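We call the chains A, B and C, going by the order they appear; numbering starts again at 1 in every chain.
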Amino acid sequence: MTHHHPIRIGILTVSDRASKGEYEDLGGPAVFDYLKRVLKTEFEPIAHIIPDDLSLIRQNLEHLCDVDVCSLVITTGGTGPAPRDVTPEATEAAAEKLLPGFGELMRSTSLQNVPTAILSRQTAAIRGRSLILNLPGKPKAIAECLDAVFPAIPYCIDLIGGPYIETDEQHIKAFRPKSAAKS
Amino acid sequence: MTHHHPIRIGILTVSDRASKGEYEDLGGPAVFDYLKRVLKTEFEPIAHIIPDDLSLIRQNLEHLCDVDVCSLVITTGGTGPAPRDVTPEATEAAAEKLLPGFGELMRSTSLQNVPTAILSRQTAAIRGRSLILNLPGKPKAIAECLDAVFPAIPYCIDLIGGPYIETDEQHIKAFRPKSAAKS
Amino acid sequence: MTHHHPIRIGILTVSDRASKGEYEDLGGPAVFDYLKRVLKTEFEPIAHIIPDDLSLIRQNLEHLCDVDVCSLVITTGGTGPAPRDVTPEATEAAAEKLLPGFGELMRSTSLQNVPTAILSRQTAAIRGRSLILNLPGKPKAIAECLDAVFPAIPYCIDLIGGPYIETDEQHIKAFRPKSAAKS
């Protein structure tokens, strides 16, 4: 390992009530705990709690990608069909590319537990050298979705010119094709 | 049950030939029969048969949602790749939010029977307090798709501020998370 | 068989390096070999190798559809998350209709082999009487994806007014509903 600076990972909790302190943010800590468990590469989390406001979410995503230079930005909350759920719209607005396969796999995975998994509109997107990933708000669903997609995340970040990320193989076996040498 | 007015459900058959009376509409009645079988909540159907015309479909969807105040609007027909198939485009035009999980699940379900299921572009969308759902035109495929997605529909309508809908659990077991109390 | 002219199939290799001759195009030949193996209907391939440039890809797609009158146009390469990967964007730009079921099925099929299948943004689209299909660049993934979606391709081309295509049933059993008579 020659990479000496910790990578940065944005954790954006999107919730009207959590942002007002009306209840405790459970999503953000669940994402952080998951990352601490599965990443071998040192990372610095940058966490915010904001309300379900489309332009505010978009601004935060863009700042986390462009100014904070996060390689990975994970949102939690705001992906359902309710009027205030606009995280996917904000992600699309900030995106250079959408990656529909992430949403498809997270929905089909959650569908094994609850038929309402199809109500989630979560997606993933590329902005510059950052991967943005939407997750649901509930801790159980967060771990379930991350288990499904995380094996593809390190190679995705390689492909967009980000840092080389290593996972603890006991938790997540990151996949890279044989043709992909460590840069 | 304190809800005394029947809910309204739009049933929109989209077919050039059925709208001209060149053949019998089988899709609309199949949707109605299905709803009568699975819903315990009383409902009033509002059914129309219209040609495959993008602005006409859009106008009908908007009227069923905004003026007729249907909680659920189900279209049948017009979801394939042929030039006159424009129901998904009309649905997108009328939509405030798209719910890609419905189309994904309906396609993967139909795929267990026919490999041409991937030709269907059916989707679902939210407009105000209405859920719009595209179905294929054939009765067999209609029941198959509704069986797959219906367990998620009552909770979806809860989330957008619609009426509390109950199903006959012998046919469809509607799922609501424990945290969702009847309002 | 009364169809005397061979149908035309476009094969568009999208790769900066292959277009400069920096390495051999493996994707285009893999597509051609596959088609030769599975199609009973005589076809004339029109193959080009071009760089990962959005407007160039779009122009080529439109020319293959509109001027060369290809019933099927298959791209290989440029579907990933990297900055130069823009084949799906070019396909969307050239499309009259998108067929999301193709991308969903190809990703879920490849996912059985590699977890990074969710990074592919490949899609399919209709333009006039042509079906455009995006494939990955690697020969193994090309065959895997074509095996998954090819049974639906002949009927799709029927529906958009293209020629009647027959496959060698030992390789691919094309599916047409009983109601669809040979025209």
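We take it that a residue touches a chain if its C-beta (ideal position, glycine included) is under 8 Å from a C-beta of that chain, and two chains touch if they have at least 3 such contacts.
Just so you know, these numbers come straight off a predicted model, no measurement behind them.
Taken chain by chain, the contacts link every pair, so each chain touches all the others.
Under half of the residue numbers found at the chain A and chain B interface occur in both copies, marking it as a different-residue contact. Matching CA atoms, the turn from chain A to chain C amounts to 120°, rounded to the nearest 5. Averaging Cα coordinates per chain places chain A and chain B 32 Å apart.
Each of residues 100, 104, 108 in chain A touches at least two other chains.
Chain C makes touch with chain A in their complex at residues 80-83, 85, 89, 100, 103-104, 107-108, 111, 114-121. The residues of chain B lying in touch with chain A in their complex are 97-102, 104-105, 108, 126, 131, 149, 151-152, 155-156, 159-161, 175-177.
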